[in-house]
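Quick one: this structure, given as structure tokens, is what I'll be asking you about.
Note that the chains are named A, B, C and D in the order they appear, and that numbering of residues resets to 1 at the start of each chain.
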Amino acid sequence: MGNERVRREYLSEDQDLSQQQYFGERIVTTVRFSTDPRDIGWVRENVPCQAACPADTNIPGYIRTIVEGRYGRSYELNRIANILPGVLGRICSRPCEPVCRHGWPGNGKPVSICHLKRSAATLKTESHRISEHLYTPTSRRVAIVGGGPAGIAAAHDLSILGHSVTIYEREARAGGMLRYGIPRFRLPRGMLDIEVQNATRMGVTVQTGVTIGTNEDEVPLSDLLNQFDAVLLATGCMAAMPLPLRDQNTDQDLVAQLPNAEYGLDFLLDLHRGKTKTVGQRVAVVGAGFTALDCARVARRLGAEAVSIHIRTSENYIPVMDEEILEAKREGIPIRGLRTPVALQIDDNGVGTGICFVQNRLGGWRASGRREAIPIPGSEFTEPFDTLLVAIGQRTVNDYLDVPVELDRWSNIRIGEDDMTSVKGLFATGDFVSGASTVIEAIGHGRETAVKLDSWLMGRVRQHKVVRIEPVDKPVRERQFDFIERQNMPTAAVADRFGRMNTEVEQGLDADHSLAEAKRCYLCYLKYEIDVDNCIYCRACIEVAPRDCIKLVKGVAINDDGTYGELDETGVWRDAAAIWVDNDECIRCGACYKVCPTRCISITKNEIITQDI
Amino acid sequence: MIPQQPVYLEDKVDEIRQSGRLDYRSQALPTWCPGCGYYSVTEGLANALNDLQAPKENTVVVSGIGCASRFPFFMDTYGFHTLHGRALPVATGIKVANEKLTVVAIGGDGDGFAIGGGHIPHTARRNVDITYILFDNGIYGLTKGQVSPTSAIGFTTPTSPFANRDAPLNPLLMLLSYGASWVGQAYAGWSHHLADLIRQALEHRGFSYLHVLSPCVTFDKTDRTYQNLDLAVRELDTDHDSSDLALAMQAATDTSTPALGLYYTSQRETLGQALDQVALRAGAAAESASLG
Amino acid sequence: MAKQTDIQISICGSAGDGTIAVGDIFKRAMARAGYRVIAFDHYPAEIRGFGKCIARTRVATSRVYSMKGYSDVLVSLNDMHAIPHVGEVRNYGALIYDSAPMSAVAEGAHISGHLKPGHIPYAFPMREVSELATGANRSRNFVALGFVAGLYQLPQDTFHHAIAAKFESKAAAVTKSALAAFDSGFEAGAASYQFDDVRIDAPRGRKNAHEAHMMTGNGAIVQGCLDAGIETFFGYPITPATGIMERLAVEMPRRGGRLVQTEDEIAAISATIGAGYAGSRAATATSGPGLSLMTEMMGLGVMAEVPVVIFVSQRGGPSTGLPTKTEQSDLNLAVWGGHGDAKRIVLAPTNVEGCRRCAGRAFEIAEQFQVPVIVLIDLYLSNRYETVFLQDENECLPKNWKHSTTPGAGYRRYELTSDGVSPRCIPGEAGGIHTATGLEHDEYGNPSDNSRTHSLMTEKRHEKLQAAIKYPGINFTKRFGDSGKVEVGLLTWGSTFGETLEAMLLAQKEGIRCAAMKVVMLSPFPVRPVLRFYKDCQQILVPELNYTGQFAKLLSSEIVLPVTRISHTTGAPLDVNILLETIRRAARKHRRHHNAA
Amino acid sequence: MPSSMHHVVLGHGIAGNHAASVIREREPDSRITIVSAGALLFYNRYDLPDVFRGRHQWVDYLVHPPEYYESQNIALRRKTRVVELDTQTQTLSLAHRETLHYDKLLIATGGRAYIPERLLDNTDLMNNFHNFRVAMQTQRSVRKNGTVIMLGGDVMGLDLARTIIAAGHRVIVALDNRTFWPHEVAQNERPRYLQALENMGLDVRDHGRVDHIEVGNSKGPARRVLFEDGSEIRGDIVMPFFGLVPAVDFLATSGIDMERGILVSPQLQTARDNIWAAGDVCQIWSTTSNAYRFYYGYRNVKMMGEVAAYNMTGEQSAFESTVDETLEVTSKGTLHSPFWEFD
């Protein structure tokens, strides 16, 4: 078109056309790869969900492909980052959703990113084929201790990178907490099996039922260190935190002693190892995490009538998704706040009858981001129970190490920048290092460690992250999409949940609802730019903008890290050096693109990708 | 989609501020409809004046009535907002009074060819050393969209509800025949090209007439839109000889695919020079008289 | 018996928001629904550029004559513009505004922060509703309109009808999205609880309600032209007269008439004179600035005794002045303007119905007296909407002027007769051959500088017009209010009479004996009836929208008696309350004197 | 200087309004703004049952005429929702994207009807009574001599029930553990109180948990309530009365301490500087019962408004309830709750 011809003539004499791929007459695309901090910073700032994802998932990418109905591609985009989309699509802690731009004040509710992940996994075709880009074999051998999320993630990446990997798993099957910690009504096992299988099929040997340790019939770690080029510890946090009781400072653990009290973690582990568990009519659960909620909901399913959860602070401050809390309440489980256990009431037969709490007031914030609770003297009271489940946290176990390894003062293992322990060739990752966290963090860490371990094995860094910038020839969103309400996850009727223990509560979004939800995504990775050289400052774009997203600017601040800061707006004609799209406000509706008289607005897709060096 | 070299805002902004072109702008934001071609002209004129380093205080922008009437208010130069169609004679007066000034008259097609039509031939004939930028959107903007002298046949407006039957003027042909010594045509959608021509027009000594094609984004959604003009306009043939009047007139007759660029330019005595000559002759006559 | 409704709704927005457009639809729909409606819009000089637009509409179940000083409902399409007008909403009146503005606003910049405690807020996300309904936020205006209609349970189909009519000429898509926006607004309005802040009760059933039309002064003038069978029109766009030409451009060709948009007013009046000379019913329309340009050519019309009609809608002056504000300051130009003794006829209707009647009669009168006739209105009347009923039959007479009984040899185009009107022939009539000229001429039309001829012809051109004062079928003066002696008499002209009448009615309610008289014919001046009115009034107030008291001076040039001038030059119509207060003061003053005596 | 001091009161109920006028008494010069989500001026919600007594003009419910606010120089922002509170910058973000700065803030947003989670899917089939507007709509949707189904039946509900019965309608109460809320009735006492309800003309039913609500068929009443035990009740409208939960949604990101409600000291001060809370929204530390607890009823709430106002203007007085909270059965055998009393 005329104006494009002109643009070539008057704007970009110096333009490098070498990268253009021609398709007939039309230029299809020109892709630019950038490591400029401003470009990388742009993605980091403007795609908040991806920035918040420990596994660095390309969220706009996979949501966009759902809109296009390319579920398989969407699934792959996920798998590239987090290995187990079908699993995480159900039980991920969703650090991405609280930061979703759609949830910012005035923008409505965040996109249900997690549920869409699940949709991609379930809606992809039967014949979907996963794809992997395999490196040539390196003949390096790596042993991984622990087949949980972190171990599996690391194993996957290391095998892709060409190393031969062996996982040593204590339990009968790989999966760790995913398989033995999370109840089936939240995570059906079929999906888990397939995805673990996919993650480990590129030449990963999984040795199950093998315990690494010092006892006989256990394999000592030192053997592994001799047999393998590198060993990676990913044994997570498999021990429950003991319940501290202010008024019963005995050295033996009362919970362990009482016949009708148990630690939630053990309760769930046993259950999923196949033991039959029973609970009384009144079940008191102490603790505020996923484990506590799971215990309570399992207890309801095991027939307990009155199940209650007791927490130190209040609902607003516990690290659990609102949906989970709501479902627990629907199942008739009240959450009682501001109370700390101080003692157990035990009758003459040594059976626990009640738990004494002290009333709390809220204190400051811990470094961990958790809320302090400060007991109020003299405010003690008692709650009766038939069964007591305690789930106040988990800790690592490292007594199985038969080589001298440096520990920190919490007796967690100490690792360096390169994730290597004080022992050469011995690496550690996941919860085993960081303490109990989330599945996605474990996977994220596992993958980071894999890359570091690879560079150590190969003696050089083999990959780095760059921004892939691809022109988009037309706006792919419509303003209408912003008015779509967040699609609610359909759930099984409460009555039906208790009949069959394993009925999955969240039923998943069907294709239509997934499409509707996917459309809501702003696709923050689309970058609208105005070619200031060709702009006539006519403000036609501002006129049609649905929001305050295009601005007359004097300039822009640059942060210390070289990324862009705030736009410096102006209403003074003489100062208006440029008209610029404020990508914070921009909801990628494309209205401006359509009206620009000089066609000076361009759209690019900005994605962080991994490139070989 | 034409690939872009990476644009980094702060670099670009510095470049623009240092260029100095913003200095020619007013404080107040223009009040034309968003998307109006006048923005392109404003930018173009600012850039051209800046390229020529024309001192702001020696520049006067004169307008008549119409959407252009506010033009001077959006330039940080001397300006004169006169009456409907009377911009050119006022500009002539200013120029005659002070030859050092750069005088730019600006108006629309209604202002210039309808009520003011009588003034153009004479300003061109006298070759007053001013630049006349005529903004041709083929419609009356300020009175909300009636036909104008350059509206196409068949153009339907409130005052031509059954389609306009009057043939449009051919301004370029008119101006060429009136003897304008510099005639060019630009298009608001080609902002850089426009700026380039304005600069040439300002540099020309004599009456320079720049015809600027533009849509009226508010009252003409069908006929002369950016989309249509984008497709219609082309550049003057590369071998065009701008000293050849016949060739220029030939080129001017193509109104279906208007060619953009410098049609014709020639150097001849300007009004200022003529007045100087008259003064010289009068002086000489007085001298010879004293010798005799 | 239906309850009395008298509601004024103001829609306030930025130019380009479509404020005036929906105001227009609102008033038409309400008229259709059988209400008496009067409306006046405020709009800025810029096309866009974000100036303030207000569409004010007064809806009543019985006849009203002017706008109210306050509003019952204010709809904000642009808070920046609407905030200054929040105060004009009465206690327990309603404010309707956008609860989800596009961009973040500073403290105090949103209208919700400016409501008076007595106001009822109706907040809803106009922009979003619009985008949902039409995919663009441009239709906020229709959403708001729909909201009002839905909120006050106004007949939805009547509005559909009005919207469809509005976009007749436009693409179907335009109508469709407007309707969509309206309906979704209507839904929102109907859904939101109405706090009885404003009641719009069903109007008294008029059997001819379906014939009710909202018409502006401009529209009525067009109607009058058509009544008179106008044949040719030449014009040049100028606010606020442009509307006349725009409408005629649609209507005339359908009736075999011809309209040409000339390149300027000078050409417009010239062509009109030519067409008049050729015998067609010809007219042009302009405003003050154009009239100034036309005065010279008008002189030719007087001299050559060519019947033409010139519609003049006054705006704020002098010079370019206030193109979008009203004023009555061209009386002098209309009555006296131009060089030489160039007496012409000037009619000044006072309301929309009057515009129609005067326009129609103007053609007859021009023909009858062979002279240019100026119909003088102002922007307020040009753009003011009133309900009119189109079925009123057309009273205009066909072309019929004093014709030569014996055309042929010796035909004298400018024959001196007892009534000063000469027999007229037009090109095409055998035996009517003559030359019309701007030079002074004799009875045959031959140029003559004979002093006797000049004095006779000058006298003829003036005296023939005296009979116009008695021209039938139209009241050139009319008295309202108390009969017999009154404390206060109001004497005025043009659009101002509406406010004057309202003020008089209010004053009467307060027990002040008063009367008002409108003067419709300004030149020649109807001295006798005015003089009679004088005699009945203890004191005379003359309100008008100019500084120099042009009408008052015209009065005193015809009748030497004292009057009190009330000059008002804000560019806005007269404020009824101010006028009422003046009447009270006058009445008090009178009573003091009375008691003293 | 006090004249520049800006007191912002969130909520336009008894607590908020009373607080505002007390602040005005104590600080004639300071700027006072009341932010309310409602459309109307302050009215007494204890009067609302009167819509069943034919009192339908909202103006009749106003406690103060509009002029009052002008004379008191109290700015009133109605139809205004707060979406975010930033305690650092002391600004409130309003739903219409305006920001409002405060020097001292009183949160008195009250409580909203608690809907048991299992009924959340049926909310649109139930009628509320929390403001004039919905009260009117509710009143209009009951047929002459029609039937009102009351779920739960807290004291507000029972108060309303008296009026509805007086208006010639039938009221069925479906019992629940929240019946009589906020009064706690011991199991052994329960029959006595239920009898009292019957004496008051209520039709008392005990079907256990509600399963869901349906729209009735065209002929019959508009609503059907189905219980988990399979039984069913029909009526024109269904009104949930399961007690109140504090309206604190907008405080999610504010860092204000909350459990169920906003946690405040006996001085009604929150953990944040310059922020107080009063009314049904706050959970006050009770030194007597050593717990955070709610106080209900006109008198308590008004007192809280007063205390807050005093403390916002320099005092340090503590809130103490003077209300005897026992739910009594009168000599006539009917119920009487202290929370029905107001003045």
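Just so we're on the same page, a residue touches a chain if its C-beta (ideal position, glycine included) is under 8 Å from a C-beta of that chain, and two chains touch if they have at least 3 such contacts.
All values derive from a computational prediction rather than experimental measurement.
Of the two chain pairs examined here, A-B and C-D, the one linked by more C-beta pairs in contact is A-B.
The distance from the centre of subunit A to the centre of subunit B, with each centre set as the mean of the Cα atoms, comes to 61 Å. The geometric centre of subunit C is 56 Å away from that of subunit D, both derived from CA atoms. One simple way to say how far apart two chains are is to compare their mean CA positions; for subunit A and subunit C this gives 70 Å. Across the assembly, subunit D contributes 95, 97 as residues in contact with two or more other chains. The set of subunit A residues touching two or more other chains comprises 106.
Annotation for subunit C: residues touching 2 or more other chains are 100, 103-104.
Listed by label, the pairs of touching chains are A-B, A-C, A-D, B-C, C-D. Those residues of subunit A that touch subunit D in the shared complex are 105-106, 314-316, 326, 329-330, 332, 337-338, 359, 361-362, 376, 378-379, 494-495. The touching residues of subunit D, counted against subunit C in their complex, run 39-41, 57-59, 66-70, 75-80, 94-101, 133, 136-137. Residue ranges of subunit B in contact with subunit A, taken from their complex: 1-10, 12-14, 16-17, 22-23, 25-30, 32, 34-37, 39-40, 42-43, 74, 76, 188-193, 215, 217, 226, 230-234. Against subunit D, in their complex, subunit C makes its touches with residues 91-92, 98-101, 103-110, 112-113, 115-118, 120-123, 193, 195-196. Chain contact summary for the complex, subunit D toward subunit A: residues 83-84, 93, 95, 97, 117-118, 211, 228, 252, 257-260, 263, 271, 285, 290-292.
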